[in-house]
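What follows is a set of notes on a single structure, which appears directly below.
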Amino acid sequence: MQTYSDLEYLKLSKWNKFLYKIASFFVSIPVAIKNGFLTIGRFFKNAAIDVKEEFRDIGSTFKNGDVNTRISFFVMGYGSIRRGQVLRGIMFLLMELVFIFYMVVSGGYWLSMLPSLGKTGPTTSYDAILDTYVPTYNDNSFKILLYGVLTLFFIIAFLYTWRLNVKQNKIAQEYLAKGKKLKSGKDDIRSLVDEQFYKTLLALPLTGILIFTVMPIVFMILVAFTNYDGAHDGYINNLFTWVGTTNFGQLLNWTSGSQNYSATFGEVLTWTLIWAFFATFTNYFLGMFVAMMINKKGIKFKKVWRTILVLTIAIPQFISLLYVSKMFAKNGILNGLLMDLGWITKALPFWEDPTWARITVIIINIWIGIPYLMLITTGILMNIPADLYESARIDGANPWQQYTKITLPYMLFITGPYLLTSFIGNMNNFNVIYLLTGGGPTNSAASTAAGSVGYTDLLVTWLFKITTGAEAQYYLASVVGIMVFVVAAVISLVVYGIMPSTKNEEDYQ
Amino acid sequence: MSTNNASMKKHMGLKASRVVSNTVIYVILIAMSVIWLIPFVCIVLQSFRVENTWQVGYILPKQWGWDNYAALLKTDFKVWYLNTFIMALVVSVLQTMIVLCMSYTLSRFRFKLRQPLMKLMLVLGMFPGMLTMIILYRVLKDLGMTQANAVPGLILVYIASSGMGYYVSKGFFDTISKSLDEAARVDGATRLQILFKIILPLSKPIVIYTILTAFMGPWGDFVFARYISFGTSAGMNVAVGLNGWLSLDQIDQRYTMFCAGGVIVAIPVAVLFMCLQKYYVEGVTGGAVKG
Amino acid sequence: MASVKLTNVKKVYDKDVVAVHDFNLDIKDKEFIVFVGPSGCGKSTTLRMVAGLEDISGGTVEIDGEVVNDLQPKDRGIAMVFQNYALYPHMSVYDNIAFSLRLQKMPEDEIYEKVTRAAEILGITEYLMRKPRALSGGQRQRVAIGRAMVRESKVFLMDEPLSNLDAKLRNQMRAEIILLRQRLQTTFIYVTHDQTEAMTLGDRIVIMKDGYIMQVGTPTEVFEMPKNLFVAEFIGAPKMNIMGTELLKENGEYYVTPFGAKIKVDGIKGAMLKEKNIAAGKITLGVRPEHMVLAEEGAANAIPVTLEVNEMMGSELHLHVLTEDGTKLILRIPTIDLDATLRTEMTNGKKLWVTFAGKVMHFFDAENETNVLVDQD
């Protein structure tokens, strides 16, 4: 593609400027993707360098260390205790003891079983007294995977603590050599409400995220590489085991035969993206439009209009969505009303026909979304400096030109990141779809694969159906979940690379 | 005179066109208000319908009465309601604390892992939360916090990862000048004192916003609540419970009761929301701009 | 009451962005030091390192002989006034000033005593119950100063305290700071980008650029003997006229030849040139606008110029003139020196002749821009 300098660009005709912009946009997509990968690559490269540096530092600490330091390499906290930092030393020592105890008692077992996810499955033996076959449950694949992952986490935490212990020794040694005083246990505790207050504040939230988000996600990513499902539940029926990337092949291989997951996946993904696009942008523009109407000079009862619209936010979604879904039903109020009026003779198939259903969910989503967008855009619209409009009016701009030349660019710039989050959010908008249609109407062509998939099913509602369905194909759910992540991540990378408001966080402070 | 006339005309045209455009806007706004209000009006009207309990195609009940509300008391509705209310109370307190801790830290401290941490949370946010349900269910089940005991389990699920929703309040904290912190540090305050004596008193809107959204969460949650309380009425929240009444085999007996239940759930939440609307608006606006 | 000593102080951001290079300065007890320089020169960063609000990347900061690098701001015995005042918006003026004392757990009656006394000195007694947002800029500034005052600290730090005030108020507050300083008898470090503030307030001025100290000296020193071209141009308003010219040596006397004129370097500057035995050759010549005078038409030591803009300032005229090769010069002529006819003749496009005496010239090395008459270290 030809690139222009600023002055050359300014000389182009309006049409050519437009073409040039479009071309630049598409040219920038691969660049954005490439930059995304480069960033990731750089991250790993830097990480490798850091790791090397760490090892070098550990080595030099040992080499230059005194006796206390060297013993601390094996008995954690020894150096700290000897140098008078008793509290720190005891914490280190405690960590080491707990770690050794855990690894001996159970960690070792979980770790050793992790490669196989269990050796002996449930067996049955004849019980003479009860005169029946009694099952004996042996290894539990689920627990092995779970505790295996936890043990790995714990080992990482231990290695980190050990490293900290080594670093502490080095610092303490240097301090003492310079004749400075070390911090006492009291100082340590005091600093936890001052310089290091962030550690105190983050401890609880991060523990929660680690246990309830990070750990489950790691676990579920691993599940995608197993055959964990209802039949292989890992304990009562059958063990489950590693199957490599088979599951991904099943979902992505378009030519695979009998169980055509790939076709279903393609359909659901397409609808998910269409839905996310319309749900995001219809709400955005209509919300902005409503906000501008209400804000217009000379319109009265502004507060009343806003309050009425905001009702949909105030009332829990499940009530409004479930109720509205029933209003649109075959025997619902809407059809009843239209028939009473004599406008139709047969009930409209809002939920029965695929296309009707898809359009209806988008429209009802507008009903849900406009108030929210109206609130957001009202705030931003009021922040647009009034003199911009005044000078535009003096320059002779009509209302439409004022909108396209001032309001819209300003809004898009400010809300760019919000639009992205909102798009991703809509991709995962479980509530609206599930409560309105439950995914229906059923897509009979796709329904053979993994639960009954419907025409309005998003990837997330499909995922939900897979896990709650009769076969409970958890592995498939995991693969779908990973795919959702991949799609979201690629979109984010591209958009972040292109967005004008790729901002420096500190600029806003 | 002719020029004068022309300018008069132009002047009149401006005024007239404003009247026309305002009228159009009023018509649109009134129509919208009707559309927005109809479902809520309908649900209230139907909750008073006593001639039958199934879904009908007309709006005004033929026979009015409190029967549906009375019938609610004989069901598990009060259990669900209490469950949800307890969860909402506990979650609003704990979640607010966690979110504020998180956002204050990320707004005010500059530590080595800050950027990686924020990026990590961004990445984690792209995984569908539903994915974690399967394992959380199994873990909670081992801890005895599912089915009938779903309330503590659900509370744990709601608050545990709430730190990831730090964005809006961090955006608010970012707008409080850092030189206030610095002045306080020079004045001799520790970070703990700065948080309680300077930042929090200045953050009333965002604290209320956080409490409000946290309080409303459990009333609307459907997915986790259904999963964790699966199959046991005693552990359900209102959303799961009432949704059950709309299933194919129950809807004909319980449709009007669903409406009555919906009204009872909606009124306190909506009233609370409307009272604190001002703070909510400040929150969402700030959050989106910070985006 | 304390001395402050900065030794090889450095500030590095993100591993490679150096904000302050190797800053060395001894501040004596009760001295009023002003850091001045254009924005981004590192003056505020240096102040904040003294305050403990920025980590010190290298070197040491000592207050009263004690190294304070690792101390928290509150433990350094400092008080600070911020550019945007940083008043706590939710507290009354009284509570703002009392905040630090309450944190020290001082008894309330003692606090009352101190706060009211400070308020009285600053003339804000009647506003004690107000919130900061109900105060004007000048009043907020006083509250900020009051808050710093009651801490009775060893060192008083001020970070551009007047830059948010309008010009008139700024002059007034400047005078008040001088009075405050006489009353408090403590060490001051004051940061500003305004050379007038620096000149009027400082016992010594530290002029900085790009993280380096350009010159440290009393106002007279930096004005009369700027160490380099940057200082020469930064101090004094309007700024010094700079002319690239030739330094000639004829019969033991020095001459400069700006724009075709030939002006003898006489007086003290001539003597200094001789003493240092400066070689003839290319030189950058600096003359302050107030030292340029109008000359007879066609005089040998006069430069022909064209008047471009005439600014009547009241007590003086600022004449913006163009030399024949297009260089801009500025003259400050006291109004009293011009009779009424001459004043009315000062219209744009008028031809003028300007000259200056030898003793007011400043000579800078054409290559490295240092003042050839000042010993560099």
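Points worth noting:
So that you can tell them apart, the chains are marked A, B and C in the order they are listed, and the count of residues begins at 1 in each.
Everything that follows uses one rule, which is that a residue touches a chain if its C-beta (ideal position, glycine included) is under 8 Å from a C-beta of that chain, and two chains touch if they have at least 3 such contacts.
Values in this document were obtained by computation on a predicted structure and should not be read as measured data.
Taking B-C and A-B together, the chain pair joined by more C-beta contacts is A-B. Distance from per-chain Cα centroids to the pooled protein Cα centroid is smallest for A. As a whole-number value, the distance joining the C-alpha centres of chain A and chain C reads 54 Å. The centroid of the Cα atoms in chain B and the matching centroid in chain C are 56 Å apart. Centre-to-centre separation of chain A and chain B, using mean CA positions: 20 Å.
Contact of a single residue of chain A with at least two other chains is seen at positions 194-195. Looking at chain C, residues 72 sit in touch with two or more other chains.
The multi-chain contact residues of chain B, meaning those touching 2 or more other chains, do not exist; every residue touches at most one other chain. If you check the complex, the residues on chain B that touch chain C are 177, 179-180, 182-189, 193, 197-198, 201-202. By the touch rule above, chain B contacts chain A in their complex via residues 18, 22, 25-26, 28-29, 32-33, 35-37, 39-40, 42-43, 55-59, 98-99, 101-102, 104-105, 108-109, 111, 117, 121, 123-136, 138-139, 156-157, 159-164, 174, 178, 190-192, 195, 216, 219-220, 222-223, 227, 238-239, 242-243, 246, 255, 258-259, 262, 265-266, 269-270, 273-274, 277, 280-281, 284-286, 288-291. Residue ranges of chain C in contact with chain B, taken from their complex: 51-53, 72-74, 78-80, 82-84, 86-90, 99-100, 103-104, 147, 151. Those residues of chain A whose C-beta lies close enough to touch chain B in the complex are 142, 146, 193-195, 197-198, 201-202, 204-206, 208-209, 211-217, 219-220, 223, 290, 293-294, 296, 298-299, 305, 307-320, 322-324, 326-327, 329, 331-333, 335-337, 339-340, 367, 371-372, 375-376, 378-380, 383, 414-418, 421, 424, 428, 430-431, 434-435, 459-460, 463-464, 467-468, 474, 477-478, 481, 484-485, 488-489, 492, 508-509.
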